[in-house]
Structure formats: C-alpha cells, structure tokens
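In this document, chain identifiers A, B and C correspond to the written order of the chains, with residue numbering beginning at 1 in each.
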Amino acid sequence: MRPDKPGEGPAVLLGEVRTGLLQHSVELPLSATDRLLGLRHGERVRSSQRPNVQAHSPDLLTGVDCALATGSHRSVRGVGTVTARAVLTEGRVLQASVRARLAAAEGAQRLPWSHYLARPGTVEVIGRAEAPALADGHLTAGPGATLDLGAIAERMLTGIQGGGGLDRRAPFRSRRIRLRWTAVRADLAGEAPGGRLTVEDDTLRTLRLTLDRIDPAEVTAFCEDLALHDWLLSTLGRLIERSGLGSDPGPGPVLKLRPAVNHLMHLWMPGARVARPLAPLWDGLETRPGFSRQWAAAVQRVRDHLALQAVGLHAQPVRKD
Amino acid sequence: MDTTFREVSADPRTASVPLSHLSLEIGHLYMDDFAAGPARLREQFARVKPWADAARAACTAPAGRRPRISTCFLIDDYFTRFSSPAEVVPQLIAEAEACGLTIDYLARESACAETDGCHPARLVESRLVESPPPGTNGSRPPTTATGWLSNGERSPGLDHLLAEAMGGDTGWRPPRETEARRHSVFLDVELWDEQHGRRTWSCPYLAAVWQLLRLGLLRDRGQEVLHPADRPETFPHSWDALPPLVRLNPHADPFAAYRTFSVLASRFLPIEHAVKIVLEQWAPEEPVLAQLAERAGQEGVPLPDDVIARVGYVFHGQP
Amino acid sequence: MLVFATSDKGGTGRSVTSANIAYRRALLGDDVCYLDFDFGSPTSAAVFDVPSALRGVDQAGLHSYLRGNVAEPKRVNVWSESDSASLRNRPSGSGQLVLVPGDRGGGEFVTGGDAVRRCTELFLRLEEEFDIILVDLSAGRSYAAEMVLEATSRPELAEVVTRWLVFHRWTRQHIIAASGLVYGDRGIMAAGAARGHDEDTLRDSVRFVRAAVPDPSSPMFTQLRPAQAAWLRACHEDLTRLASQHRLGQTLVLGTVPLDPVLQWQEQLITDDDVLASRVANTETAEAFAALAVALTHDRAWESPL
C-alpha cells in the first residue's frame, strides 16, 4: 500500500454499520438522547433536526493489533485505533457505525501507543499489501483472528440497548442488519468510480465503493444512510410478510401492521444527509434495484389494505330480500 | 445561487486557549515539606533554580521572538489538608523570590479532580484508550481491570485459569510489557479506589491530569477547563476559598503551553513513570490536537504529534 | 420472553419437550430461538435433526461464545438447515425457528463474571429479535442455572419477562427432587434470592411440567386387569397429594406430557406428519406439546396462585 496523497484522503476505508430498532416503546425524545448517546464524559452528543431528527454519539476509539485479511491466505499486521459511533434517527432506529482508515506504516515494528493515539481512527499496515486486496479481505473475512469491526459495533449496540433509560418494550421484533463496507481510491483500484451493493444473506449486506477522493466522514455518513434505508425496507418487508397480508382475510394483518405505520413509514428519506459528491451513488441504487420504488410499493400496499379494511368495517352488508 | 445551512448542535465549536511555549513546573508542595519549615522550602527552590534556568535557555522561540514561558507550582490540598492559603502562599512566594524564581501560577491539586462543576479527572478517564496487546482484533472487549491501567498484559486471573483448565493449559504466566524490548518493565497503575461509594483518585493519576491541563489539551463539552483567576487582594483562610488556579504574576505568559517541563526531586520518579503510562494511553480530542498543530505551525514552533513527547523532566537528587 | 427449562434429574424428556414447545410456538407465528445450555450433553442437534449444519463448527457454539472465544455464537435456521424433510417445508405464517447449539464435547464448565456478562448480552441481543427465547438448562443444580439466575438479576434484564419450566417425572422420588430443586437448599429460589431476585416474583415465574405420566385411559393400558387399574388410580391419587404437599400442586402445573414410547426411544420433534401420515407418534403427545406451547403465554396459567 502506498502512503496517502495530500488532498485525496486515505487509500482505503473499512467499515461496518449495524442497524436495529431502539428497544423502547415510543420514539425517544431528543432531550433524552443526550443521556443515551453520551457515551463519553465531557463530550457533546451532536444532533440535528433538519431534514429529520438525528443524533450522533461522540466517536469512541478501540485499540487493535491484529492480522488484516487480504482475500488470500496471506495476511498483514494492522496496528492502530478504529472509530465507533452510535447514530439514532427519529428516536427510533439505532445504528452502531465502526470505521478504520488504513495507512501504510513507516517501519516494520509496532511504535509506542501514543503514536497511534495521535492518529485516531487510523490502522497502520505493517507489511506489503495492495489497497484493493485489503478491501476485499474485509468484505469476505469470516469469523477468526482478523480485524473484527462488526464485534465492536455489536458491543456498542448491546451496550446502549441494555444500558438503562430504555423500557425494552419495542413495538415489534426485528433483526439487526449488518452492512460491511469498503471504500478504495479509484486510482489504486484501477477502476472507474462507483459502488457495488450485495445482499449476502438475510442479515448481511456488503458494499464496495470506488471513489476519486475519500472523505472518511462523508463516506461513513453515506454508508449509515444506506444501511438505515436497507434496514427500513427489509424490516417493513418482514412485517408485511409476517402480518399475513394477502392470506389472512380477517383483522389480524391490520393489527400486525399497525407498528409499521406508527413507527417506520415516516422514516424514509434516502440521501437526505449525503454529501453532494456521493449523491450519484444513491441515484444509482434508485435506478437499480430501486430502493424507493420498492418502499413506495410496500407502503402503498399497507395503506390500501388499511383503507379497504376501514371500508369493510364500516360498510353495511347489502341485503337482497 | 447557493444557500448554506448549518445547525450549531450538529457541528459544535471547540474553544481554543492561549498558549505559552513552555510550562515550567518548579515544585510540588506536600504537607511534610511545609511542616519542615521555610528553610526546607528555600533549599528546594535553590536546588530547582539552575535547572529552571537551563530549561529557559533550552526553550527556543522562532528567530527574533521572545519565548513565552510560564512557571507553575502545585499544592496538595487533595490528600491532606494543612494550614491555610493565607499562611502558606505568601511564604511560598517569598522563598521562591529569595532564590530568584517567580511563581506565575499557583494550582491546587484538588482542581485536577474537581473544580466548579467540572471534573478534569473524569474527562481524562473517559478518553483512556488502552494499548492493545498483539492479537487484539476487536472481537473481545478490552480486558480492563476497573480502576487500574497497565503497560502490558497482566498475569492471568483466576477466571482465566479456571477456564483454561478445561483446555488443559494451566500454569502461571508472567505479566508482559506490550512495548518490551525483549525484557519487560511491567507496571500496573492504580487510578483510583473507592470507599463508601466515594472515589479517591490516585496521586500519579492526578499528576497526569495536571500535565494535560498544562498542555492545554483538556476540554469539557468543547469549553476551556481551568481558567486562571486573578490574584486576590489577600489570601483566604481556607483552601476551598482559593480559586483552583491563581495567576500570582499579573504579567505572566499564558498558563497552558505547547510543552511542559518539570523539575522534580528524584523521589517522584515512580509517580512520573505512572504518569507516562496514563498519558501514553490517553487519546486527545481531534479538534484540539488539530488546533494546537495549526497554531504551532503558524508560529513556526516544532510540535510532536505524540502527547507524551511534549512532556520533559529533570529529576534532581536530594540533599 | 425468556423461558428457562430445567429438571430435577435426567430422563424427564425436558430437552425434547422444550424443543417441541419451541417448534409449536414457531408454528403459531412467533419468532423462536432455542438455546442449548445443557453443557454436559448437548443434544439439541439431534432433536432438531440438524447434524450436518453443525459439522465443522465445533468451535463456535455457546461454550465458545461464553468463554469469549467468538464474538457471536453459531445460529442454525431449523427451517432451512434441518435434515428432516418435514421440517424443511416451512409452513406459511410460521415464525423463525433458530437453534443456538452448544459446542460438541464442550463440557460443563463456563463460569466467572465475564461469562455472566456475555450471557446477559446474548439474552438482550436475542430478545430484540425473538418473541420467545427458550433456554434448555441441564438437569439438577448446575453452573448454567446459576449463571442465568445471575444474568437475569442484572438491571439490564429487569424489563424482560422471565419464566421457568421445571420438568419432573410422575414418581415419588422425582416429585420430591423437583420440589428440592425449586424450594430446597441451593435451589432456584434460594440461589435467586441470594442474587437479588425478588422472591415473590421469582416464585410466580416458576411452573412445573409433569412428564411421562401414564394415562390409564390410553390404549396402552386397556389390557389392564381391574385390580391393576384400581392400583394405578390409587398411586396417581397418592402422587397428587404428595405433589401438593411439596408445592407442586395443580395450580402450578403448566402441563402434562403423557408416557410415549416414541419419545423414550427417539428424541425428536413431533410434526403433524408424524401423527397423521406415518402415525408413529401419539396424537395425545402432539396435543400435549401444543397445549404447553399455548399455556406458555396464557395469562391465566401464570396468575399468582396466592
């Protein structure tokens, strides 16, 4: 890996976002998020109310010194810190977002720890490995001894969800969904800028970004936004499937869909917080597979059903005498 | 046409503090020293003086500029309370002057723990990021021992030995310093203890907080932590009535500085070794770090990235 | 909801019954997760018929997780990974059915503060996703039981509904042993109280399941001579009295599972196929499992008897 070029940001950024429903019966008001996300004494929770209500915890650092997967059997050593933060959207959807920028180490030895703390969020790579190989390694690594950003995210989510202040009476059951992502500078990847999103299984998606210039904060915000909307789409889909809509003619589906209407439907706002240079990535996903199209269809289906049920409940049966 | 939009709560500002080039510490005062009488004080200052002069000489400012150097002195009012400011402070100033030293700033040690609703010790604690032993990949939480911080891996505890017993791998393992060069100098630092629910910070831990305050690196929700108060007309009869940080010399350069230098008796060596272990695992706030780097760059002053490299000492022998 | 299944001794059919309860709840539409905490002898792979899904993952089960060797324990989706054809067709309207197995040959020993913390985190994590988390503990007093009592006493789990099912056979010795397991020295109540559980709440969260109960009206016993039948009835009455003396009375019984040879010889999930198509299993057994599954969340069954 080559050293960072000035003005182009890091060569490789690795990350993972885990998204889940806040375990609380109602939307958490903004005033209560300070306590929930105030994960570090003396640092402010960042919040904004436009275009939707979102709060960010301070960035927490975790020290690592371990092998980095390279997609082949060879691995290199990475030493440094990774950054983790929690994001709460509309007091309802909680995300833990972990990222690390990779940089080439200058020597072959680990340096005093204060060296790494002066470069927060950077993991220095000791040994020879190309940027695309490190990115691939992150996306394909199974559980093992290599860098595990997901475990850090998972601990953060569990810590917040179980940390008090929440009543743990969530309006419905839902899964946490993982988005594992990488961003590689286009000149190193030897590819044109773009993104590739893969649904690996029920709870895992991978995203591989190739960008002319990597701004860690902007790329992370984009991935958090994508993870949020993928979770919304998956979760609404599951609620509809489990509601029996389409098979159960009775009032069951309405009752089961109520939480979706109350808690999810207004959250859809793709790209609202995405920086301009990254906006084309969302546009691409809107074309294929068409996130908003699928969302709109699902929402319409729920609304139509609710409307029909309302008509059915109020209409008097017509009697033919 | 272009519009911009910003929410302050989404992008809060970080205050900057005035900075000297060097913060020169010319002593600590504990009850024992004071009880030994003014002669002991004078003897200590006399011993410090040549080293303080050397530190001044070594502090270089960019060509044609006067180096900004402030001196400071710390009084222990945290572990033991003795006498009163009205009695101690004038004596201190007089003895220092007699040796040709000026005390610019006087601080109370309890200010490192708590001051006016702000808890510097907690601020430091919340930013400790433990140095990971090799093999740490994030899958396990750091093996913290509550209230302790070490420079390596401890000997395995009972839980671990019991768990390992399942795998047939038993036996004691020595502790290991992570950055050891072949042989370890392992040190485990007690940061605090608790009795009846009340936490008492340890002396080396507060000494580390003191270093960070002098380095201008601490912020509380983006704001300055310890702002010096002007010298009162008369010194009060209780320590609590004395501001935590007093500017004794109205013409002093700023309290905080790019670098610190402390002249201490060699009996403080173990304490400062512990301070090093705390500082090496303390993660500075990025905006503060960037602020300082930018200003140093503008002034043409070299400033190392590593916090620990900004801290210097002389340890002198005792009579 | 967290449901802990335990028993005084082996041979109560605890694992197979609780697995069947999990299966029936999933059929009813709940998302169900079954945790094999029977660290001494993990059997759940056999009951759910998922041996091939577990091949080669000896190091990623619950033991490895609780010891901190892996960040998350292995999960097996029973609907898609079972070797049994009748399980692989997930019925429409059913919920998730997920097995979290123990390590094969994992041994009993997992203890210490870290294990309790990991256990608590696992429960919290699963409770977000599943309606019912059924935890199969080993028989008798065990580290696993102490660990979950410790975990559920923590404030993080204070808001989570917790229930205990105590399985025992319908004999003198088993009734006395089951009573001891709940109310005796180092029993669930004592161990729970020592960890800060509220005694009344904990007592109200315990129900008994009588296992392998002979049913005189079943076809198995139609050949009995009148004297034998009378003796059987008398025994049953004696046992009923004994149970109530030992605070295992009818108000605290969640259900009864009849004696069924199929369960004795092969521990497995009883699907409706097994009852209707192949007619291997008894209808009564399947009905007992279904009734237990319903009773698990039936408010009346969990009202305080006091």
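Methods note: a contact is a pair of C-beta atoms (placed from the backbone, for glycine too) under 8 Å apart; a residue touches a chain by one contact, two chains touch by 3 or more.
Protein identities per chain, from UniProt: C = DNA-binding protein.
Since the model is a prediction, treat every value here as computed from it, not as a measurement.
Put simply, the chain closest to the centre of the protein, by Cα centroids, is A. The interface with the largest number of contacting C-beta pairs joins chains A-B. Centre-to-centre spacing of chain B and chain C amounts to 57 Å, using the average Cα coordinate of each chain. Averaged C-alpha coordinates give centres for chain A and chain C that are 36 Å from one another. Rounded to a whole number, the gap between the C-alpha centres of chain A and chain B is 38 angstrom. Residues of chain B in contact with two or more other chains: 139-140. Shared interface positions of chain A, i.e. residues touching 2 or more other chains, are given as 143, 148, 151, 155. Contacts with at least two other chains are made by residues 70-71 of chain C. Looking at the complex, you find that chain C touches chain A at residues 29, 31, 60, 70-72, 92-93, 95, 120-121, 124-125, 127-131, 155-157, 159-160. Every residue of chain A that touches chain B in the complex is listed here, in rising order: 40-44, 46-50, 61-67, 79, 81-82, 110, 112-115, 117-120, 143, 145-149, 151-152, 155. Partner chain C is touched in their complex by these residues of chain A: 20-21, 23, 143, 148, 150-151, 154-155, 158, 161-164, 167-170, 173-176, 242, 244, 247-248.
Residues 139-140, 158-159, 162-163, 165-166 of chain B touch chain C in their complex.
Across the interface of their complex, chain A is touched by residues 5, 7, 9-12, 119, 122-123, 125-127, 129-142, 178-179, 219-222, 279-286, 289, 305-309 of chain B.
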